[in-house]
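Chain lettering (A, B, C and D) follows the sequence in which the chains are written, and residue indices restart at 1 in each chain.
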Amino acid sequence: MKEAIRVTVWNEFLHEKTKPEIAKVYPEGIHGAIAKHLRSRSGFEVRTATLDEPEHGLTDEVLKGTDVLVWWGHAAHEKVSDAVVDKVCNRIVSEGMGFIALHSAHYSKVFKRLMGTTCFLKWREAGEKERLWVVAPGHPIAGGISDCFELEHEEMYGEHFDIPSPDELVFIGWFKGGEVFRSGCCFHRGLGKIFYFQPGHETYPTYYNQNVLKVIENAVRWAAPVKRPAPVRGNVQALEKLS
Amino acid sequence: MKEAIRVTVWNEFLHEKTKPEIAKVYPEGIHGAIAKHLRSRSGFEVRTATLDEPEHGLTDEVLKGTDVLVWWGHAAHEKVSDAVVDKVCNRIVSEGMGFIALHSAHYSKVFKRLMGTTCFLKWREAGEKERLWVVAPGHPIAGGISDCFELEHEEMYGEHFDIPSPDELVFIGWFKGGEVFRSGCCFHRGLGKIFYFQPGHETYPTYYNQNVLKVIENAVRWAAPVKRPAPVRGNVQALEKLS
Amino acid sequence: MKEAIRVTVWNEFLHEKTKPEIAKVYPEGIHGAIAKHLRSRSGFEVRTATLDEPEHGLTDEVLKGTDVLVWWGHAAHEKVSDAVVDKVCNRIVSEGMGFIALHSAHYSKVFKRLMGTTCFLKWREAGEKERLWVVAPGHPIAGGISDCFELEHEEMYGEHFDIPSPDELVFIGWFKGGEVFRSGCCFHRGLGKIFYFQPGHETYPTYYNQNVLKVIENAVRWAAPVKRPAPVRGNVQALEKLS
Amino acid sequence: MKEAIRVTVWNEFLHEKTKPEIAKVYPEGIHGAIAKHLRSRSGFEVRTATLDEPEHGLTDEVLKGTDVLVWWGHAAHEKVSDAVVDKVCNRIVSEGMGFIALHSAHYSKVFKRLMGTTCFLKWREAGEKERLWVVAPGHPIAGGISDCFELEHEEMYGEHFDIPSPDELVFIGWFKGGEVFRSGCCFHRGLGKIFYFQPGHETYPTYYNQNVLKVIENAVRWAAPVKRPAPVRGNVQALEKLS
């Protein structure tokens, strides 16, 4: 019996509390919508955490018990403490926790530190149509997804998106207003696997879209840690005779 | 309940029949040794096929029923019919069958056609020590494998190995005689996933080594097809108004 | 003084001879338009070759004297002899000649053999607008190109484009009708560098567009061979004592 | 006439001043040895900078006038001010300055920040033999280099080296003691190109080796910035009608 993947869905959870029109879209928060879907699928143990909780809900114990961390943030990136960012990055790179960065999490402290670039991009909030195209049809994150799917209303994110070349590019987004975007990007950093997925502006019901939820679910399965001994680093003896 | 992965282990199966010293190492053939291991693990349905069978054992029905094809060949690459090569390549690229090319299968018709390069390399048959190092510690094919593992006797394969840059490089081999080799390489071609794994000269008991068997098992799981609708190609109508 | 790059611009040169409306756009052929631009720039020695010439204009002598081969073909891929294809591929992979595949050359014998995949795609001939976005802003092929540039009328080529993941993805195309395309793709195969560039349907004046010409010029410079000894392959002696 | 590439060779320049045996190897400093070679080759304007100079010799004016920065550091990574690191990283990622990280610069602040990983590795100081193999024979950084070259005495650096997968892997190192290493690695970050090159322990005359010098020279040429308008980012208007 395969063990369940322990997922923590993190959300800054601000817009939903301060803006009624957003609360209406996500009455249980964006984290709630995503967690609800994952809980409905087999093979996951799901919890949530938010900015306002002690240590943003990401205590050592929670992190240690998290195989994959899903992250949504937008307005409060700077309020995430550097101590927590250090721990999250360390848990990803050195211990293999997966990390799913959603939408505006492109500009979160964790994602920017993992990328080493500015992670800046073009954007426009006009509720325009986006169509996401699969460019890696054999990739597990594209499982169950057709050639493309549409989101009637999304925030535009456009190139050039200042990230390293993704190790695997799974989706490219087309926007009505004329831009394109690398919308689904895989990265390997240390022992950890990272997936960036662009859809999910807070004013639209993106996280109820069945394709979006399927992609997130696939990404969580893909990003789960691999079991193997930790790499040995530092000063070592020769394995062969040197003379 | 996850469905079993249907694996076909193909072997040209010549050396084992003509050379007693090799028959001694692999009394049931190289395919037999690999199939035995996979059968001992959960989640696989395993069959074998060999060169001398009709259509080399790879009939339309067998191919259709194969999720991942493991391939060992050396002396008889040219005896594999082009018709079978066509079908195997099509099943990989257009239908997503996984393909695990072992050792001298670097020079098989299927692998060369998938790569588009000569696939030539340096080699030496001196029974020297090889040590395989993990360079992608978060990759599922490295699951359960330590920093490195040794094979007391292997054929040397050395760079430059004329392949496209692997989409993911998992192992690098160190050889006693002074060479290195990209020994574990992942490629994505169309819907299919391909893994090349260098160890496995017929005169050594490589396919009884627990690390080697674990890597092959991991690779088969990694290469299993993803379920999704086949891509639509050809002439299409516009999805948006053109004027 | 840096040596000139010897470029051969190959064109099947059929549409221009049989269709007056195309002859009007390219009175000297597509090859003529491209060659004219390259000749106006410093550092190139340019010749052209076409399908109807003996050996398609690609004799051993011409190939040996070609550093980078630019290729446009559409209607007559099957008329290119396998002997010439063999020589061209060998010159690329084993001797380092660069290869620039333009537009419908995605389906040329040479390109398909180098890729190992079907190279099939979606397409629509509706003269719609395309906008090409730079996604690798530090890449030499993007030199002198702004964030994006537009082509008022192009044939749509859409994903999924069945190629291996490009080693470097430089341009993504946006199409008015709703599709995206990996429009500028770099590949390394053996000693050779390959660039696929999607614009260039024969009915539009694409090869007079200054951005398109600049990209082709950049690509030729990028694809020029590197001078170094040919790799040694085959059976070799040990470089270190084996016992 | 092509413009000269403006190179700044930076060295922490401590060992050479405090340890006579190292001063003997590099009487003009490691930076001096590298700068001397580059000055002997056409197409470069070379200056040097060291840790003890004001702003470590990397003032705004120097950085602005630097196309490619070569970096050697070992014992004093922590003494490099964060302000200078910020500026160097910004000049690379946002303005396209090339960066060549030599040997123990794998652990410099700049390199670690660009990578987003720990950049840790195995190491051993035993003066053992290293042999560097070319695995990307068509890459400009391999220009003029044979299949492999040897360094009689080097510090061993071994896998797993905790870096992102290189965008292009050019060299793999073989060590007498049994390890391998990704010794020549290209990365693209923002507008900048980065090359990590492993040889160069301060106690050995590595930076007089003609192959090593040739690789550094090639890398500087490869890493020179590409001229094009800076990417536009931030809030933008639609390029097409949204309704």
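To be clear about the criterion, contacts are C-beta pairs under 8 Å (C-beta built on N, C-alpha and C of every residue); 3 or more make two chains touch, one makes a residue touch a chain.
Predicted model, so just to flag it, every value in this text is computed and none were measured.
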Those chains which touch chain B and also touch chain A: C, D
Longest centre-to-centre distance from chain D, chain (CA-based): B
Selected pair, greater C-beta contact count between C-D and B-C: B-C
Residue-number overlap at the chain A/chain C interface, same or different (half cut): same
Averaged-CA centre spacing for the pair chain D and chain C, given as whole angstrom: 32
Averaged-CA centre spacing for the pair chain C and chain A, given as whole angstrom: 37
Two or more partner chains touched - positions in chain A: 131, 134, 136-137, 147, 158, 160, 165, 167-168, 176, 178-179, 188, 190, 231-232, 239-240
Parts of chain A lying in touch with chain D, wherever the complex brings them together: 93-94, 113-118, 120-124, 126, 128, 156, 158, 160, 162, 164-165, 167, 176-179, 187-190, 231-240, 242
In the complex with chain A, residue positions of chain B that touch it: 2, 96, 131, 134, 136-140, 142-147, 167-168, 176, 188, 190-193, 225-229, 231-232, 239-240
Touching residues on chain A, where the partner in the complex is chain C: 131, 133-137, 147-148, 158-161, 165, 168-169, 172-175, 178-180, 182
